Amino acid sequence: MLDFSFFTGEVFRGYILQGLYFSLALTAVSTLGGTVFGTVLALMRLSGKGFLAWPATVYVNGMRSIPLLMVLLWFFLLVPFIIGRPIGAELTAVITFIAFEAAYFSEIVRAGIQSIARGQIFAGQALGMSYGQNMRLVILPQAFRNMTPVFLTQTIILFQDTSLVYIITAHDLLHGFTVAGNNLSHPRESFILAAVFYFVICFSLSWAVKKLQAKIAIIR
Amino acid sequence: MALDWQVFCQDTIDKTVVKGCFGTGGATGTQTYLDWLLQAWGQTIIVAGLSLIVALVVGAIIGTIRTLPDNPWLARIGNWWVELFRNIPLLVQIFLWYHVVPVLIPAFAKTPKLALVVFGLGLFTSARVAEQLRAGIQALPRGQRYAGMALGFTTLQYYRYVLLPMAFRIIIPPLTSEAMNIFKNSSVAFAVSITELTFFAQQAGEETARGIEIYMAVTVLYVISAFAINRIMAFIEKRSRVPGLVASTGGGGH
Amino acid sequence: MIDIRNVSKWYGPVQVLNDCNVQINKGDVVVVCGPSGSGKSTLIKTVNGLEPIQKGEIFVDGVQVNGKSTDLPKLRSRVGMVFQHFELFPHLSVTENLTIAQVKVLGRSADDAKSRGLKMLDRVGLMAHKDKYPGQLSGGQQQRVAIARALSMDPIVMLFDEPTSALDPEMVGEVLDVMVNLAKEGMTMMVVTHEMGFARKVANRVIFIDVGGRILEDCSKDEFFGNPEARQPRTKDFLNKILSH
Amino acid sequence: QANDTIAKVKAGGKVVMGTRESSAPLAYTLGNNQFVGYHVELCQRILKSIFPGVPVEYVAVTSANRIPLVQNGTVDIECGSTTNNEARQKDVAFGLTTYVTEVRTAVKVGSPVKSVADLNGKTVATTTGTTSVALLRKNKRAQGITFNEVYGKDHADSFLLLESGRADAFVMDDNILAGLIAGSSNPKGFKIVGETLNVEPIAVMIRKDDPKFKAAVDDYIRKAFKDGEIKLLYKKWFLDPIPPKNVAVNLPMGSVLTELSKNPNDKPAEAFNK
Amino acid sequence: MIDIRNVSKWYGPVQVLNDCNVQINKGDVVVVCGPSGSGKSTLIKTVNGLEPIQKGEIFVDGVQVNGKSTDLPKLRSRVGMVFQHFELFPHLSVTENLTIAQVKVLGRSADDAKSRGLKMLDRVGLMAHKDKYPGQLSGGQQQRVAIARALSMDPIVMLFDEPTSALDPEMVGEVLDVMVNLAKEGMTMMVVTHEMGFARKVANRVIFIDVGGRILEDCSKDEFFGNPEARQPRTKDFLNKILSH
């Protein structure tokens, strides 16, 4: 009933490789950008200053209540208007993902910082450390270690989410499988292969996360 | 760019503006974009609501069996379930349910598309609910399990009376984000022709060429839905709050 | 009543109980002490089968705990246990904590369970708190409720695992008082504790376990405290440490 | 004026062609970012004559996003399977009609469906973001029949719905239907039936209010009709075997297009269905 | 050296310190005791400004802690503090724990800091563990490292907040020994503790705070323990509770 013989090396190179590359690149770039932007948002929210915390809170909660598909559609529609010149679907995807993921990463960073026991903060202060020193030497090193697993898990989710860029016709991994399936008349087999592909990649990643977690965990 | 909200009062066929903005409805009656928008919202709510039920029920079972003592096989099945359903993108899973499963398992061929989407979204989310429930159960002090056992409860009983009630309370915050996620993720259902909000955004945006207005309306409905879920869960959290106990929180994911 | 015979237990490659033998008769109050990590909690948990053992046999009231076909829930329902961290069920009120196992495990009617539970609550002096939730009580009060909960099941023996070590110092006394009374009324008890005052007052036997799970001492209270010369060096060292301050 | 494509292309040093991925034989991909088809090749020729030597960049568009993409300048010329109608003319402009499609119904061989009226009680597939969705709604109301609609997110998806039995019929432009059938694993298992629901002029799409570029495009098309270039292209893509499977679509030129080739125009669909 | 004057503090509407006055001179060892939640931790944290106060004044070595322009980090670097839960930095090795503040706060060179830190580590008897991480040490060892960390900063006064109450009983002694030696060497100390043995041995003053944050007793050790009749009823009650067992 199912026939996977159509899936040759040539098909892989012709249809899949480009999409795989794009999905990975999009994941990497938006993780990086999202982390930077997200950390800024988190620090704004933790600053205790209303004029910083409030916009950041609105942004984060707003982004988190809209589906990524809609965010993609919005950015696809609006970004060219805003920046005044056309950009491709790929670049739109990158901008959208950074903006979108920042909201999620900021929550991770915030939780990471808040996970540090008050006693640790007191201990740093009691040794005479300034706010900045305490953050840099005591809180952030622990916070980053604490949040690494959630952070990497989110990155895996992000990688899966790249499959949604089909709505703005960017060419991701899934897209490659879809087109290959349609053009070579084996759409069902192609979906199964896509599932296997994603599973292998994401499963290995999450397995690696577990290993890493055991390695960097603070001995308690 | 001027916004033209009248587009929602247009008839979906002849594009004339209908007085009162609502069509006559019915199979052969007229329909405005507003009617359609609300219908699409209904579809979103139905898909998300049913999927949430599936996710909670299946997630509770899977999450529980992953923590059972002395039953490595059940735990293993539970672990694989979680790995399987969370390591494949939702969109791919929905395609599989829609296009592949009915061919492999003929019994599914006559299943309504809504049910297939609900399976897809529900089981995808069940993996995440299961993961949270497992974490919730494991976050309880080990002594709670021992205390239940020491009183003579059977495994089933101490899960039912001791562990699960507390575990579910602990995971209300992450469950809230899961419930909100399910609403958002239901947008993926449009890929298999569920006429929900994102489908509406695409189709009506195309037909009327008033993308901004249409997207805005749809976005607002998503935000309202998310907010409503959030309030409902806050209400549940409040109702189930244990006197004298401070709640802890979790987070992450979408 | 309790017969622990040649029991050994491992966690993976680590041995935590090493050929332990303890006999406890009806009415005995046995205090178990030893350094942290020596296996005291593990030993007491093997008595009602909360921790499985890899070698040896344990009998409670004639029933083999580690038997293949033993109805463990039934056996456990006859053995009361009190934990270091109380382990009341936080989502249930005090009364519900006291009655739930009576109803669900022993099959008592709600009324019977309630009257029995409240009687025990009265005994530990907390009748006024019957409708509160555990989180609204102090540690000492929670532990007393936990004792009442165990007593409501009409146990034939009570196990205590460091019942006072998680308490603020001012609350230790109120819990010990309850335990002293229980002992005086003739309850069979096995108590893991560092409270040597309690041991002196009511124990009739003291057991000392060393790290690695080996029982070094098992003798009468008078012998244990009265004849320090005859003790093992490890025991003397331990007693010195905890009695010095 | 922003809408001066010729100036924009000169300044940018490249021209962006929006095209479709699975609208064979009008426009589709062979993978590797390689696009082919009747309209793709026609556009390649048009662009080569207007912007000799300027590299062409390809952007795959969908039914749903092609108009915004042309409007916002992502795409300079869309060469896929876009119907020229009055509503769209408010937002974009069209070249001279280069293909005329008739909206018809594809069914499996052996299906009892022979006309729209037979769709009563059946499930009908079509593609999100196309005019067929509205067309179906219109017919439904006009004829007083009831049927369920299912929507594929693209034509291939819609066809899959028909193939797997999730839909009893697939209502779409005949060329797309023919192309999908030809490319399917079992071309003999499907047929195109029923009355023509709509005649739709298909044209390349460009930005509105850009008379210079429109004139250049139209001039080339007019010339191509006249000297038979279009006829050759039509034969190549509709009658001869085409890649990737080297099967022919086998859809001879319809009467409307034949008529048009004598006197090309850019009238919207409404003018064809009076 | 420490001068707490008319200090009051509220958490929202709840008053946790009520008009407290304490004077501590160079070389004093002051023990603070009182029931749980009475504000002992809060009081000691106000001394180096970890908790802000709403009323009153606090001076340490002449510097006003709650002054607007006080350089708090600088002041804190001269006040050693030891916490109930040790609060070593778990991501740093023992040596790094000992040196980081010396280098970053006092600006000492890495070498100086290390030699000073290791000297203190030696003093608490843990030289052998200098390269371990806190998580690899027992509670008693961690607390001794925490004391060494505070001492490495050459503090003029040491604050202890229940330094032994999170420890297993056998480890209490080793920590108290370090503290006793410190006191004997003349360190000025303010110690929140329930260890009355320690108070008897080295305190020269004992302060008792009642719930609500009011100081009920502030007298010499001899007066406090030697003259029970003169004590407030609450104090007697508290002492009874914690000394009874």
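Think of it as A, B, C, D and E in the order they're written, each chain with its own count starting at 1.
As a working rule, a contact is a pair of C-beta atoms (placed from the backbone, for glycine too) under 8 Å apart; a residue touches a chain by one contact, two chains touch by 3 or more.
As the structure is a computational prediction, the values presented were derived from the model and not from experiment.
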Chain C reached from chain B - shortest hop count over touching chains: 1
Chain whose Cα centroid lies at the greatest distance from that of chain B: E
Centroid distance [mean C-alpha coordinates] between chain E and chain B, Å: 52
Rounded Å distance, chain A centre to chain D centre (Cα mean): 37
Residue list for chain E, restricted to those that touch at least two other chains: none
Chain B residues counted as touching two or more neighbouring chains: 99, 103, 190-191, 202, 205, 211
Where chain A touches two or more other chains, by residue: 77, 81, 166-167, 187
Chain-to-chain touches, reported pairwise for every pair that qualifies: A-B, A-D, A-E, B-C, B-D, C-E
Touching residues on chain E, where the partner in the complex is chain C: 35-36, 138, 165, 168-174, 176, 194-195, 197-198, 238, 241-242, 244-245
Complex contact set, residues of chain A against chain D: 11, 14-15, 18, 76-77, 80-81, 85-89, 166-169, 171, 178-180, 182-187
Chain A-touching residues of chain E, taken from the complex the two chains share: 45, 48, 50, 72-81, 83-85, 87-91, 100-101, 104-106, 133-136, 149-150, 153
Chain B residues within the chain C interface of the complex: 141, 143-144, 146-154, 157, 161-162, 165-166, 169, 242-245
Touch list for chain B against partner chain A, complex: 1, 83-84, 86-93, 95-96, 99-100, 103-104, 177, 180, 183-188, 190-191, 198, 201-202, 205, 211-212, 215, 218-219, 222-223, 226-227, 249, 251-254
